[in-house]
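Below you'll find the structures, each written out as structure tokens.
Shared chain: chain A. Partners: chain B in the first complex, chain C in the second.
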Partner chain A sequence: MVHIKRLQEDGADILAVVGEIDASSSIELDLAIAKSVGEGSTKILVDCSALEYISSAGLGVFMSYIEEFRDKNIRMVLFGMKEKVANTFQILGLADLLHISSNKLEAKKLLNELSV
Partner chain B sequence: MSYQYNIGCSLENLKGVRDFIRKSLRSHVVSDVVLNEIILALDEMCSNLMIHAHHCNPDHHLEMHIDIPQKGKFIFEIMDDGEMFDINRFHEPDIDNLVHEKRKGGLGIRLVKSIMDEVVYTNLNGRNVCRLTKTIK
Partner chain C sequence: MKTKALIRLTFLAAIVTWLVMLFSDVTVLFSDLKGLTPDVPVWLPKVMLDLYVISVFYYYKFKIERDESLNFTDLLWRVFATGLVATVLSLSLRVLDFLLGSTKLSSNIFFIDVEYLVNLGLLLSFLIAAGTCWKRLILYQKSKWLIRGWLVFEMLLLIVLLSDSLQIIFKEWLFTSISILTGLLSLVLSANMKWVAYLNFKQKWTSLLLLLLSFFYLGYFLFTVIHFSDEIKLQSMAFLDFQNHVFNIYLFSFVMLYSIFSFLVILFNLPTSSVFEQKLEEVVNFQRISQSVQTEQSEESVYKILLESSVSSVFADAAWLEIKGEQQQSRLQTYQITESDAHKIQEHLNGRHVKGILDQSSDKTKNLSNHLATLKGTRFRSLMAFPVQVKGEKIGTLALLKELPEGFNKEMTQIVSAFANQAGISIENFRLLKEAIQNERYKEELKIAKMVQKSLLPDKLENDNDFEISAFSESADEVGGDYYDTLRINDHQVGLIIADVSGKGTTAAFHMSQMKGIFHSLAQEALEPKVFMMRANQALKYCLERGSFISATYFVVDSKEKMIYYSRAGHCPVLIYRAASRKADYLIDKGAALGMVKGKDYCNFVETNTLPYASGDIMVLFTDGITEAKGPRGEEFGLDLLKKTITEVVIRGPKEIQEHLIKKLYEYTGTEEIDDDYTILIVKFR
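So, the complex of A and B:
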């Protein structure tokens, strides 16, 4: 239901999320982020361009890392969301708590600004 | 127009629920964003019931009805036999609290209340009925 591809680019880990994240598949997202962090990544980009759907279980995964990332100085930027997916984040006001960019170029720029 | 779908209480079945809602409403809801909101709210309701009232027992079933009495007016009903899980009795957690406590839950109820106009619980012949209404202008 969800497939997560991981690749490295310019010192950042890119997690490309393909498909739908709901209560049954949110664990996949959690494991992918945990693996990235566990292997020492401090810059994480989440490519949401092929993310078709996210429910609260998936939002909760992103939320659950906010404090840990703050403490460990890890930066994460989400980018490329379709309008319907971005809307789900907006309903809860999560756009203010997470870093969200419209495309990869801007996401990389934001990642570097956050790193300064 | 009305539609019905029966669901076993397994989280694996949520995808089928979403497909059912999408197919049923596709010709009635123009906006992709609004359609996704409705799908999201009902997915949250079903997953809450499956987890909290039915402990993900696939032999327990939910019954979903969609009724469109007039253009732009939607009535969704979810029926089940479990203990009643009334989201109106739960206080939505504060967002900052969620971040602090690293709780991966509690957001769903907030989504449902934001998206739907009304969430009402009744009892019909001993079954729980959760009725959610939404009007789209």
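So, the complex of A and C:
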């Protein structure tokens, strides 16, 4: 089960993901990101500090946006991952494809750097 | 066929006995008038009459009693038709009589006797036909006692019949008691009128008419037969006088009695017949609703039947059925009311904040008639609303309208409630059935996918003088996409792959087969592992849908150079045990899964790694099902425990190492039932 909260800070959309993302709940993640993009956000922060587990389907959601974001000039930074979750990203090679920071402050900094 | 033959036989017997009776009676009469001794015994006509009665009795028994296709009005029609034929025959005889005028022949006593016997035969056959029909009507709803009663009655009639002809003179008291018993039995039997209730209004009128005509026939024949017999009596007493024949009188009385009873009961039942018809229709409607599932109709037809049945059961002037659709929008089915009028009434009630089921909030039947009085421009004065529920959840509202004020009574409410409930059950059954079929299809699909998956895994793995491989793969109920395979490239190189397709089910099995195709075509070309991955990524680019990918590790084991070349594309890290240092470690390297990067720059995300091997080294390949296997408290098996488990048994052969690991894994999860795919490959170098 997953719960996704959305709030805005300094012109960036923050999606706080709480719980576990498996095959069924990955749809919610997809919808949340799609909604954020649909409303015109170009800066998206994903707060993973309360994300306990992510399955390959969940990783697939992040993966599926990589090219779209590059084309539309949308920047997304993930931050606050637990070690186990970070490992999953690492093993799959997604860590090199996505922007991942350790905390929110750094994430914002990275987001601004990318925007320049 | 047998019955048909019996019918013919009994008919023939009746004709023959009647003819014998006719000739013997005329002979006896002739002898009596001439004062001669008759050539035939005096008792012959009477015995023949008995035989005639018995023949006719069996004729009708086979013809009417055994015919299951006859309904109540058909039976009455049979009686009427028999009477009609008999009467027409008798009347034509009269016409002949009339045409002859007052010739000598017409006043001849023998001619009169013949006429008399013809009429008597016809009367008896009519009476017996009627009696047989009455028997079926009386025994319509049989009980043990009723059948016994009827048997006794038939026996008594037989005794009377035989005693008549055999000239057995009963003692006075015996005769009286038989008469009383027969009379009582006829009365008791005649009280069995249950069939009348099953006639509808039209059938009742038909029955009354048929019975009335039967009375006429009975009267006519009684008159004719008495007339003739009286005429003969003036000259001689030596003929077959039916008035001395007690059986005839009993039978006549019984037929008459039951006819009168039936007539009266039907007459008095006429006013209530519509109620009974109504109840019967309700039962039929119930059946229609509940059987709509079996007859493969749709939910729509259930709604239609519900609306129709409810309207006809309570004589509503108009009605509508509002069903909430899947997307919360509602649909109206209406009867004798336009949708806009229905909405007007709904809005009116909502506007007055009437808490009722029309605003979809209550689940109780409500009489909302009071509130209609304030709505102008509507002809309706009574309104009743019923909820339609499926599994306790309200899916719709049935509203019935009448132009009369106070138009609904308690019985109507009950019956419509029952209809609504039954409709709810039917809808629920529909949905369950649909789900069951859907589930069955999924199961079937999974079975196929699982079969495909199993067939994609190799039966035999490539072995070499330098190494030995043991593999284990088990999938959960759901089909996963774990894949492994080996291929000999040349005499010193063997290609080896382990892969995991994201997602489950048919698509996973499908992608797995694509991976197998790619492996078998690319591995033959002796490509460098990085190039292998790049080309595989290129090939899969257009096959994988958005968000799905394949993680894989491809190895080339070179026995000449004692080297392993490999490239990891997002798959679980390789665990390698070094016999020299007696240490096991996971290989850290980079590599993105296949399908993650669609562009040419995928080459930046994969690399070829080289790894020397020595005798006693062990390489462990696995999928994430192993490390993510959960213990009873939810903790994962993990990389560390995997490493520890392998190090425990490094001196053993690959097969034993694999078995040890699987054993430990099952011990850890505490169950033999797995919820993911487990795949392990152990490569041990010699």
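By definition in this document, the second predicted complex is superposed on the first by the 116 of 116 C-alpha atoms of A that agree within 3 Å, B and C clash if a C-alpha of one lies under 4 Å from a C-alpha of the other, contacts with A are read in each partner's own complex, and residues count from 1 in each chain.
One rule holds for everything that comes next: a residue touches a chain if its C-beta (ideal position, glycine included) is under 8 Å from a C-beta of that chain, and two chains touch if they have at least 3 such contacts.
Since this is a predicted model, take the numbers as computed values, not measurements.
Undergrad: Which partner does A:Glu83 contact after superposing on A: first (chain B), second (chain C), both, neither?
TA: first
Undergrad: Let me test your reading of the model: by the given contact rule, A:Glu67 touches which partner, first (chain B), second (chain C), both or neither?
TA: In the superposition, A:Glu67 touches chain B and chain C alike.
Undergrad: Just to be sure I read the superposition right, which of the two partners does A:Leu114 touch: chain B = first, chain C = second, or both, or neither?
TA: Neither: A:Leu114 stays clear of chain B and chain C.
Undergrad: Count the residues of chain A touched by chain B and by chain C, then name the partner with the higher count.
TA: Between chain B and chain C, B touches the greater number of residues in chain A.
Undergrad: Applying the touch criterion given at the start, work out whether A:Met1 contacts chain B, chain C, both or neither, answering first, second, both or neither.
TA: A:Met1 contacts chain B only, not chain C.
Undergrad: Per the contact definition in the header, classify A:Asp22: touching chain B only (first), chain C only (second), both, or neither.
TA: A:Asp22 contacts chain B only, not chain C.
Undergrad: Applying the touch criterion given at the start, work out whether A:Leu98 contacts chain B, chain C, both or neither, answering first, second, both or neither.
TA: In the superposition, A:Leu98 touches no partner, neither chain B nor chain C.
Undergrad: Do chain B and chain C land on any of the same chain A residues, and which?
TA: 23, 56-57, 59-61, 63-64, 66-67, 91-94, 97
Undergrad: Within their complex, state which residues of chain A touch chain C.
TA: Answer in residue numbers: 23, 30, 56-57, 59-61, 63-64, 66-67, 91-94, 96-97.
Undergrad: Over in the complex, which chain C residues touch chain A? Could you list them?
TA: Contacts found on chain C: 500, 502-504, 546-549, 551, 569-573, 590-593, 596-599, 605, 624.
Undergrad: Taking the touch rule as given, give the residues of chain B at its contact with chain A in the complex, in rising order.
TA: 11-12, 14-15, 18, 32-33, 35-37, 39-40, 43-44, 47, 50-51, 95, 98-100, 102-108, 110-111, 114-115
Undergrad: Which stretch or stretches of chain A touch chain B in the complex?
TA: Residue list for chain A touching chain B: 1, 20, 22-24, 26, 53, 55-57, 59-61, 63-64, 66-68, 83-85, 87-88, 91-94, 97.
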